[in-house]
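The two complexes that follow have subunit A in common; it is paired with subunit B in the first and with subunit C in the second.
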Partner chain A sequence: MENTIIKTPKKTLWLRALCIVIALAILAAIPAVLTPILMPKYLTVSKEGSLTEEYYSAVAETNHDVLFVGDCEIFESFVPAILWEEYGISAYLRGGAQQLVWHSYYLLEDALRYETPKAVVFNVYALKYGEPQKEAYNRMALDGMEWSSVKAEAIRASMTEEEDFLTYLFPFFRYHSRWSELTTEDFTYAWKDKPAVSDSGYLMQTGVVPADTQADYTPEQLIDYTLPATAMAYLDRMRALCAEKGIELILVKAPTNFWRYHWYDEWDAQITDYAAEHGLAYYNLIPKAYEMGLDMATDTYDGGAHLNVYGAEKLTRYFGEILAKDHAIPDRRGESDIASVWQRRVEAYYDRKTAMESRE
Partner chain B sequence: MKTTLRILSLTLALLALTLCFAACGNKGGSDSKLVFVTPNNVTLAVGAPAADAVTTLGDWVSMNSSDSCGGFSGKDYLYTYHGFRMSTTPAKDGQIICKVELTDDSVKTPEGLFIGMSRADAEAAMKSFTAEKVGDNLVYTSGATKLQVVFRDGAVTGIIYVAA
Partner chain C sequence: MTLTSFPFLLFAAVTVLLYYLVPKRGQWIVLLTASVLFYAAAGGWYLPFILVTVLTTFFLARIIERRAKADEDYITTHKADMDKDARKAYKAAGKKKRFRILTAGLILNFGILAVLKYTGFTLSIVNDILGLFTASTLTVPSLILPLGISFYTFRSTGYLIDVYRGKAKAATNLGKYALFISFFPAVMQGPICRYNDLADQFDTPHRAEWDNLSAGLLRVLWGFFKKLVVADTLMGAVKTIVGTPEDFGGMYVLLLIILYSAVIYGDFTGGIDITIGLSRMLGLRLTENFNRPFSSRSTAEYWNRWHITMGSWFTDYVFYPLSICSSMQKLTKWSRAHLGKAVGMRFPVYLATLVTWFLTGLWHGASWNFIVWGVLNGVIILISRECEPLYKRFRERFPRLTSSAFYGGFMCVRTFFLMGAVRILDCYRDVPVTFKAFASMFYDFSHWGDLLDGSVMDKLGITLPVWILVGLATLLIFFVSRSGKDTPVADRLSNRPVLWTLAALGLAVTVMIFGSYGIGFDAGDFIYGQY
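So, the complex of A and B:
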């Protein structure tokens, strides 16, 4: 039998190689093109997911003397526009929905790449959590971070067991299944800047849903009231980071205390001791609610879990005085560069408030 | 040409495979021996659907609800009944029971635990389960449920079913 060897012409080999290159390019290009469309925009649903990324354009405009970090009790409670208007304090909130202490730590470390504030205010409620809780909250806190080694560390510290680092690096692999949920918003803002949902990190709520003051609620018993060691270790890291940069760390507990988000006396005692041991100021504002004029019949939008804008303004006026008097945060209203930035921000805040009130 | 088509087909197949890949996972259900049975014989298991239980249990003493942080759809509920309260949370297919807490001595667990009983009696009642000590308290685990028993001054002050 005669063997026949058929030689592949050189031209065909080149053509095949070209096809492979084109195929690989398509494989790489499709996710690159689709990812901006598929990524959640967090404009009408879960606006909290936009908060992390909004910081970068704000810090490019001006620096801040106070950075607030923490969970929803930060971004629903403190109003930077009021701090400026009443006390000339330049402040920004780096808060997020169920932002856990490691999220806050890394968002602070990330912010310190751009600016060095005089004080950092940390809301202590999230210290009750010692483990990652839910992927959706990780996404809202982390997807909007600019890429750096800090973001990489933040992801590693935050991931639940089901998550994969690669899906943060290539979000297409996480969000491809959103194709059936896409709305006009996803296409409109795929490659275009989104409108800000917050005012310097403050997420406004103008609704009023009174708290049920007649409800007789006894908080559930806990098996262990010790705040988790993992959480306290991140508080240690936050304290060390602030000390290294010459920043004062101030601890605060927002004045709300709700059946679902209860702040136990046992936790309060631990934070009080921690603050005393390390020479930090700690303000538990729950017992100060009456003094600052909060009325949970009018100052909450969800039955008492969070403050609405009217409650947040009262709290901010109260706490701004503490920042100015007891922590010597400077009044910068006489500095024209920063004042012009804040004039725009304050106007935007009141424009939003008027617009939202007219829709209520 | 055939080769080109083959490569392009492979590319599209890989893409389709990627699109079909789903990253969802949801723990749930109740394979636990640790369940609470109410005086009107409703079995409450952590991780089980809540809708039927709420209907069967009938009138509650009070009910609180709260939106999820982050604007996710669905609310958390806390139903208070005589002797116990039940928390529910939204899951993939509706509300599930996420916590049951006994609040007074008018109800007992199937093993005989009740608020106010002595530590020795509580430990004896739970002898067929392995206990883990958390401070002065005891935690029993079965399947996806933990039963937390809180003691103060030698007596049971808390009995709470939570997800393991």
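So, the complex of A and C:
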């Protein structure tokens, strides 16, 4: 077969080239324009999704002496505003919903790009997980991170099998399916700063749903109580990172011990041994619940799994004293620059508390 | 690597680029390499199977052709020494030998297909029968099913038969023949190309031409649109209805007929659009597999418009040979003598039709639902054929009505629902459940209220905006297919750069935003890719 070669007029060639260039430009622009609209805003539903990104505006205002990292037992248990008010401690919580140990590690590494705290408090409960769990939690922990090599590593370490790095690079390809569920909130905050949902990383809950103390819940028996090696390896990395930067790593277990989120003695023994071996402070606060005045009839919003604001304030007062006395975290209330920032934050905290209580 | 996945897009783009960058005589090598890589990516263990098919059909076809030529040469050389009968006898003897070679090739290749695809099904039937007499059962082995085995087996055996019949020349280049069998855009779900249609195209050097690239790309985007915006979006609703038939009877079965018709149309024609479009970008023209099937006015017409290459394969290699084979001729004679002219004439044709449709069903899958689906199609076609005199009389009596657009539309809708009703066997994959669900349309009216109060949307998990989207997409497909009756729209637009750009951009953006892809969508595999 012979190909007949017909020369295309130059004008047509130019027109085709122009059309292709314009089309490619529009095609590239579409995700850029639509992504801010399609990205979940996490303002009314799954507020935890906003926590990661809120850190950057906070650290731009002032540095922190204590960074808390971990899962929901962090962002629902410790109140930085109380730490400031009672002990003059400038603290921030980098916690998130089911924030696994590698999330925490990379969020810490990310934070250390901006500031070097005196202490890092890590809640150990998430060490029970050795593998990525759910895509939704990955997105909530990672989407809000500012782009850097740390974020790229965090994504690679966290992805479930179904996930694709490309969708983190171009979130449009993950969230395009939200087109049919967009609300006015998505348009309002597409290019506008969102209101903060947290107070220095603390996500307030004012509801009260008492724990059923009469019920005889038996936690599930496990075949193997060894904490996963992957998780412990990240704890090692966190320890090394802190040591390298001259930061004290403090391990903590929040005082809640709900039957579904049970902290086994076997796990506790492993962490106790680990802390002793590496010279770290470890506070299992479960046995201290009574001492700090926690009452699970009034201090939990979900039947005992997590603390509400009243429980969190009690815990924070108790733990703040430990930080101040045993770890020499300085009182900065006399430093006017930091104090003015914290004055605003404390006021915002109480405003939110009043507003939420009035809605309950 | 499905045809709509990102890795495939990247793979296809690199292949097209390399194809036009290498020297022209090496283009087929790029395609063969891409095809082997594509196939290996699906599963390394699949490669030996397709290789056996390639080698056996290639060499057997060469032997058949060489022997035919040798026989011809012998007769030409010894023409003077042989009388007519001797020549005839020599020819017949040669043909018989060639037939044996052909038969060996067919048995081997259909044998592989049969063992890999139908062993489990056959053993389960044996176990059912054994279960009537004994408690012991045979173990059903778990065998691998190479990607596109049904399609490449048909392509290769069709070629072997064509060479035997003298309709195709035996391939001389093993690599190019391997490419014909394994050509990556078509290996998964067809079309079932004929060797004669494709072989020359692999020999021809191809320049990167705007017409091919633009029309091809537009066709690919159109395929993505059909698959991701229509088929995969509705697949969730189909799965919901089929998942719990006890909860979704009556109206929902009617809805299933409509929804699954849209799903299978978008899925299969979309996949073929991607295949044909990508081939076109490479300068290759593949046989069309669809011709506006839902505009068919009868089942026979429908099967001339739907999965055309499969239909023509069965017609050429099963129905016709079966209809004219000596056993069938004897049966014709016998039935005419014993059953009368009217029945005697029909009997062999009916038998050939039913056997062909039985095999068509079996080809689609190793389960009873496909067999019943195939036989039902055959039965419907035969009933339609029997009713033809009635239709004719009706047309003669009401010429104005039957030539009106309304009547034409009615015929199309009737055929659509008839074929759709049979097609739900493919959804439930269980014959009694399918018949029960179908029957529920006529006695269970409890779900019609869901349409009025809108709860149908919640129950099927499809929101109003999605219904509107799919409705608009369906309308667009309808108008595009109507306007592309004579010249495909992609070809017409490629001559108008501005319009082409708008169309391509529109499709790309629509697919990007509204397409069902990524996390949360698991309906990605092509339905026909499983056959």
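By definition in this document, the second predicted complex is superposed on the first by the 354 of 360 C-alpha atoms of A that agree within 3 Å, B and C clash if a C-alpha of one lies under 4 Å from a C-alpha of the other, contacts with A are read in each partner's own complex, and residues count from 1 in each chain.
Please note the rule applied: contacts are C-beta pairs under 8 Å (C-beta built on N, C-alpha and C of every residue); 3 or more make two chains touch, one makes a residue touch a chain.
Fair warning: this is a prediction, and the values are worked out from it, not measured in the lab.
A.B. asks: Quick check for you: in the superposed arrangement, does A:206 touch first (subunit B), second (subunit C), both or neither?
C.D. replies: After superposition on chain A, A:206 lies in contact with neither partner.
A.B. asks: Please determine whether it is subunit B or subunit C that touches the greater number of subunit A residues.
C.D. replies: Between subunit B and subunit C, B touches the greater number of residues in subunit A.
A.B. asks: Answer with first, second, both or neither: which of subunit B and subunit C does A:272 touch in the superposed model?
C.D. replies: The answer is neither, since A:272 touches no partner chain.
A.B. asks: Tell me which partner A:63 touches in the superposition: subunit B (first), subunit C (second), both or neither.
C.D. replies: neither
A.B. asks: Thinking of the overlay built on chain A, is A:166 touched by subunit B (first), by subunit C (second), by both, or by neither?
C.D. replies: The second partner, subunit C, only.
A.B. asks: Touching A:30, do we find subunit B (first), subunit C (second), both, or neither?
C.D. replies: both
A.B. asks: If you stack the two complexes on chain A, which partner ends up touching A:174: first (subunit B), second (subunit C), both, or neither?
C.D. replies: both
A.B. asks: A:48 contacts which: subunit B (first), subunit C (second), both, neither?
C.D. replies: Touch status of A:48: first partner only.
A.B. asks: Can A:230 be said to touch subunit B (first), subunit C (second), both, or neither?
C.D. replies: After superposing on A, A:230 lies clear of both subunit B and subunit C.
A.B. asks: Using the superposition on chain A as set up above, list the residues of subunit A that contact both subunit B and subunit C.
C.D. replies: Overlap of subunit B and subunit C footprints on subunit A: residues 15-16, 19-20, 23, 26-27, 30, 162, 164, 167, 173-174, 176-177, 179.
A.B. asks: Which of the residues in subunit B end up touching subunit A in this complex?
C.D. replies: 3-4, 7-8, 10-11, 14-15, 18-19, 21-23, 25, 62, 64-67, 69-72, 76, 78, 99, 101, 103, 134-135, 137, 139, 148, 150, 157-158, 160
A.B. asks: Looking at the complex, which residues from subunit C come into contact with subunit A?
C.D. replies: Contact set of subunit C toward subunit A: 6, 200, 203-207, 210, 463, 465-466, 469, 497-498, 500-501, 504-505, 508-509, 512-521.
A.B. asks: Within the complex, which stretch of subunit A touches subunit C?
C.D. replies: 1, 3, 5, 8, 12, 15-16, 19-20, 22-23, 26-27, 30-31, 34, 135, 162-164, 166-167, 172-174, 176-177, 179-181
A.B. asks: In their shared complex, at which residues does subunit A touch subunit B?
C.D. replies: 15-16, 19-20, 23, 26-27, 30, 45-49, 71-72, 97-98, 136-137, 140, 162, 164, 167, 173-174, 176-177, 179, 212, 215-218, 220-224, 226, 258-260, 302-303, 305
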